[in-house]
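Next, two complexes with chain A in common: one pairs it with chain B, the other with chain C.
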Partner chain A sequence: MTDANALNQASCPRVVVLSLASDFGCQIQITNFPELLAMVGTIDLSYWQLATSADMPDSYDVAVIEGAVTLDEHVRLLQQVRKTAGVVIAIGACAVTGGVPGLVGTGDLDTARDLVYGEDATIVKQHRLVPAPVSSVIEVDYRVPGCPIDPAEFSALLQQALLGARERLDRTPLCAACQTIENPCFWLRGKACLGLVTRTGCGALCLSRDRACTGCRGIAADANLESARRYLREGGFDVKAFDKALEVYNTYEVNEVARS
Partner chain B sequence: MTKLNIHHIARIEGHGNVAVEVKNGRLTKVQMQAIEPARFFEAMVKGRTIDEVPIIVSRICGICSPNHTVTSIQALEDAIGLSVSRRTEQLRYLLVYGSYLCNHASHLYLLSGPDFLGLPSVFPLAETAPEVVSRALSLKKLGNDVITAVGGRPVHPVSAVVGGFTDEPSRNHLRRLAARLRAAVREAAATVELFASFDIPEYEPEHEMLALKSEGTYAITRGEVAALRAGWTRPARDYHEFIHETPVASGNAKFSQTDGAPFMAAAIARVNINWAELTPSARVAAAGAGLRAVVRNPFLNNLCQAIEMVDACERCAALCEELAESDGDSKPRDWTVAKAAGGAGATEAPRGTLYHSYRVSKAGKVTAGDVITPTAQNLACLEADLHAFAARITDADPEEFKLRIEQLVRAYDPCLSCAVH
Partner chain C sequence: MFFKIIDKESIVDLYAGLAAEYDEVTGPKTSPKDPRYVKFGKIRDASQLRLDYKTSIVPPKKYFLAADERLMRYDRTTGEVYDTEPPLQTRALIGVHPCDINAILMLDDIFLNEFEDPYYKVYRENTFIVGVSCMPSPTCTCNSFGADEVHRGFDLFLSDLGDRWFVSVRSVKAAAIVDRYLDAREVTADDTRAFQERTKRFKKALPKRMDLDQLPLLYDAKYDYPLWEDIGKDCLSCGACSVVCPCCYCFDVRDTLSADGRVGKRHRVWDSCLASEFAEVAHNHNFRPKAADRVRYRFYHKFVGNFTRNGKMLCVGCGRCTTACKAFIDPQRIVKALESEDTPASAGTRKGGGAQ
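Presenting the complex of A and B:
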């Protein structure tokens, strides 16, 4: 390899986009951000199954992963990816927290399969796992939470990642940010809202449309679940319903906490 | 014996393989395998609240989430006996039909178009035909902007709920959208011209086709189900009686039949069944493309999608104008659950009719759910077409054979995350 080639490769990192169990919504969000297409000149988007029929290359620098881990095959793929890629980015609730696919983990997987396909069905041949985030299998360098991701947040993070900046994931719950933009509080209106414990950074998009937070960005690192429950109990709210609502995006973490 | 296994077909939504075997020049096996991992949505919704279910099932599919949201809401409203305002109905129509613009533009330009141009992806076009890429992106953006105006964001709308909308666009916002939609009719018509110029194989199977039908409109969010060949029309809520889904051993999506045979539900079915309802510009575009009802060639499904984009621009523009100038209210209506009951709903998604049904308990919990997606309906028909079509081209060289097979798959615009769910 000539020096010029090495330089070219260094300045144009190879990026691959992969998906596990998901609805492809985060990849759709990437296509919804034309500015990202402008980055095509600065990155070598060499594998993106959704957009091109080229094969996956043997070597790449950055792997962007959407979807929850639900199969043995996913575990093997992720281990391979971790060996190959310098940078691993998990995008979307499925990849970051297990997301909605994780919800099936509130019950028994075989029961779920029988309910959907019938008891004598032999169709789901792959070995299925309790849905889990990517970070439960391999080390993840960067996470873009949310269901779906905000493409601008992803684009900014991808550029930071290429420059080698450290991950700076928001730690605080959404509540404070939501109050700053003066959205009327759901709790004060007697309605449940998961913004109390959910990672901020979404700009309170749902709340600004008068929808309560459903927790898609995951439980905030600084959230105090016990204190939140106590506050709700004292306020006469249904704590069980609150815990049940948390499951929609955070079953994996809720189960982990219960196990530990 | 020759085996062709196309693993993870690119430029479709979700994971799918095609397996073909040819023995002594004869086709012995063709399988369309949906290998997308099952997520078990029907199991997930059990025990969840009525409000949570549309949020959960929207995640079946990132690309037709407006449909899953609206269809589940309508099925749940049917179960609890709640009717909604005319304005809510109109906004739902706009939310869903507006999504066709980004869906069809993405599929036509980003996913299936490169096949006809002999390209691996759309990216090289940015240099050779920038005006085509810019048209694709502007139509897609317009669709996203319509969904965002009504639903709050392009993927997984937030403001559509049981009973109405928690928020709606301002009158001025609607007027601006109307003007942009009117201007985009031209761009959509250019898409029809582009796809009409591509060579497609001659192939005219005699499948049944099903789509919603509703007198006086291009049926998208309400209507009865019409069968093109058999000529019957039935209430959508009885879908379990005329669509039969069975698990198959070759993949994780169930295959469907009606009247004992595979059928197609897609743009081609809608254009055929609702031909008389197309807007004037859509009819002009169809005539210019040389299209006549009945359209049977599945490769023409892409052209039908382009015609729907013309119809969608013109019809959504008129709807935005009406919403901007008319009074009315879309605020969520209050509701209670009087008794345990079941309900069903159907809408036309970009890829065909989408059916949802639920049972709810008196306590307001969902106790059972069922979803039949367009691609789950189309897979049996696609496999039959792959079989019949592959048999005709067994002499083609392997590269050409593979391309033709993939082209047929993409003509159907399958969404395997939907099909498996």
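Presenting the complex of A and C:
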């Protein structure tokens, strides 16, 4: 759990940023954010995997984790992190939903491995796991969804974490935000959009550029997939294609639902 | 109120006059994303105005209750509070349909009545409203709510008589605009006849789709009926209906800090009672945990809560939610369900719905 008091007392919380399986895109996003410099005074960036070759320190207050869990080594690392850090923050689609790496879970792990690594597959044979979000291994205090993350959202969340505020992750789908910016709904224009089941909070970013939502923030906690499919069916849309599109960022969750 | 006639082309003069008198002129214009849609926006040239539009995605309420309104800024290190006033900008809003003007009157009743909202008040007082007549679309149900006609709440109203406008001049400000900028002539018996014919054509084109007699009573009587579960299970909890509704006005107040946490702003943003967070309070208790509770609540507020308070239903039948909702939930479906033969699952005790 969040140890907010301990954080408040630490005048300069020590933050580490580390990666599991990802393309480092979210860490790069953070560096793209000039305002982060303003924060450096309020935090002590003890370790940043992307920007340093030093080893991770033994003790720290906040762990920021990017990437999906794909190795048993990741599991051990996360358990260690959870013991050490007062606050754990998962950033990016990979860490929050399993993200794009999670797509491997649509089929059989061995087949996927052989397909990607060919003859070298034996090297990676052991230790591979079906890609999963960080929260499937350890308790996560805060999440910043998105592919990539919005640096402003990340810094705002870091602020909240430092103040000991409760996580405030949106539960509803995107349509309200999309209608607020007065985007003519894609479905009404005969085109697919995943916004009707995707977690809001990006300010309908893609929609504002007249692109349909691809679901990078994950399936909303309050999403009603059954009703969404019914809308598609009645409108003569391809429900299978919709389900397939959902897998890009949400395979782990889709599989979880199927298992339960 | 008095009446005048102007040529169709005189809209250019009206625009020029308003542009000279007001900081900003807004009106219905083509969506840059798809020409089939219209949204209200800044008008830079009279030719941008689409006065024959069917409906806009978001109603003009956005000019009185902004989607994201800054309430104040503050400095956490000094405790100083500043920027507490809304921007003082005058605006002319051209092309508001009768349903949407009626909706603004509903909002007046909420924001200028018992608890006066200083932000709403400033925007309202500094906005010159030009109404415009319309022809009904298949989604319109304004006549069921008595919102197809409007007699106040605007400065100027333009009724389309084909080659000319029948102009209703409601305010002193409007009289000055007509006097100064428009080449207006007196109304003849012919014009009045044309006006009456227009009204008849409108009525013919819009059959009454709902019968609201006894609706509040029926709602209360069927408050615990299974129909709510039936409708509610379809809801996507997306909140799009509240965004596009000219009579929905709920908001959330938020604090947003700068990256270094030193300064921040408090702002209010549109909210929706269809979001599960809406009725959540301390210790994660939620007064309306299920979508069915929330759908029932939304329409209870509209059809019963507000009605028992001031005799008006919080719906003007604009049809925007009918278009926006992917779960096929709208006033017509609610009214139909309430009228249908339905029996309570069990003779349970009433759970409090709560009028607002």
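Keep this in mind: the second predicted complex is superposed on the first by the 246 of 260 C-alpha atoms of A that agree within 3 Å, B and C clash if a C-alpha of one lies under 4 Å from a C-alpha of the other, contacts with A are read in each partner's own complex, and residues count from 1 in each chain.
The definition used in the following text is that a contact is a pair of C-beta atoms (placed from the backbone, for glycine too) under 8 Å apart; a residue touches a chain by one contact, two chains touch by 3 or more.
Worth saying up front: this structure is predicted, and the values here are computed from it rather than measured.
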item: Which superposed partner A:A21 touches (first chain B, second chain C, both, neither); value: first
item: Touched partner set for A:L188, first chain B, second chain C, both or neither; value: second
item: First (chain B), second (chain C), both or neither touched by A:L115; value: first
item: Touching partner for A:V248 - first (chain B), second (chain C), both, neither; value: first
item: Touching partner for A:D210 - first (chain B), second (chain C), both, neither; value: both
item: Per-residue touch tally on chain A - higher for chain B or for chain C; value: B
item: Which of chain B and chain C A:A156 touches, first, second, both or neither; value: second
item: Which superposed partner A:L103 touches (first chain B, second chain C, both, neither); value: first
item: Chain B versus chain C as contact partner of A:L169, first or second or both or neither; value: neither
item: Interface residues of chain A shared between complexes with chain B and chain C; value: 210
item: Chain A contact footprint on chain B (complex, rising order); value: 8, 10-11, 13-15, 37-44, 46, 48, 52, 55-56, 59-63, 65, 102, 106, 110-111, 114, 120-123, 126, 137, 140-141, 144, 152-156, 158-159, 161, 166-167, 247-249, 251-252, 254, 406, 417
item: Partner chain C, residues of chain A touching it in the complex; value: 33, 35-36, 38-39, 41-42, 152, 155-156, 159, 162-163, 170-176, 178-180, 182-185, 187-189, 196-197, 210, 220-224, 227-228, 230-231
item: Residues of chain C that touch chain A when the two form their complex; value: 31, 33-34, 36-37, 39, 56-58, 67, 233-240, 242-244, 256-261, 270, 272, 274-277, 291, 323-324, 326-328
item: For the chain A and chain B complex, residues of the former touching the latter; value: 19-29, 31-32, 34, 37, 40, 45, 48-54, 70-71, 74, 99-101, 103-104, 107, 109, 111-113, 115-118, 121-124, 126, 128, 131, 147-148, 205-206, 209-211, 214, 245, 248
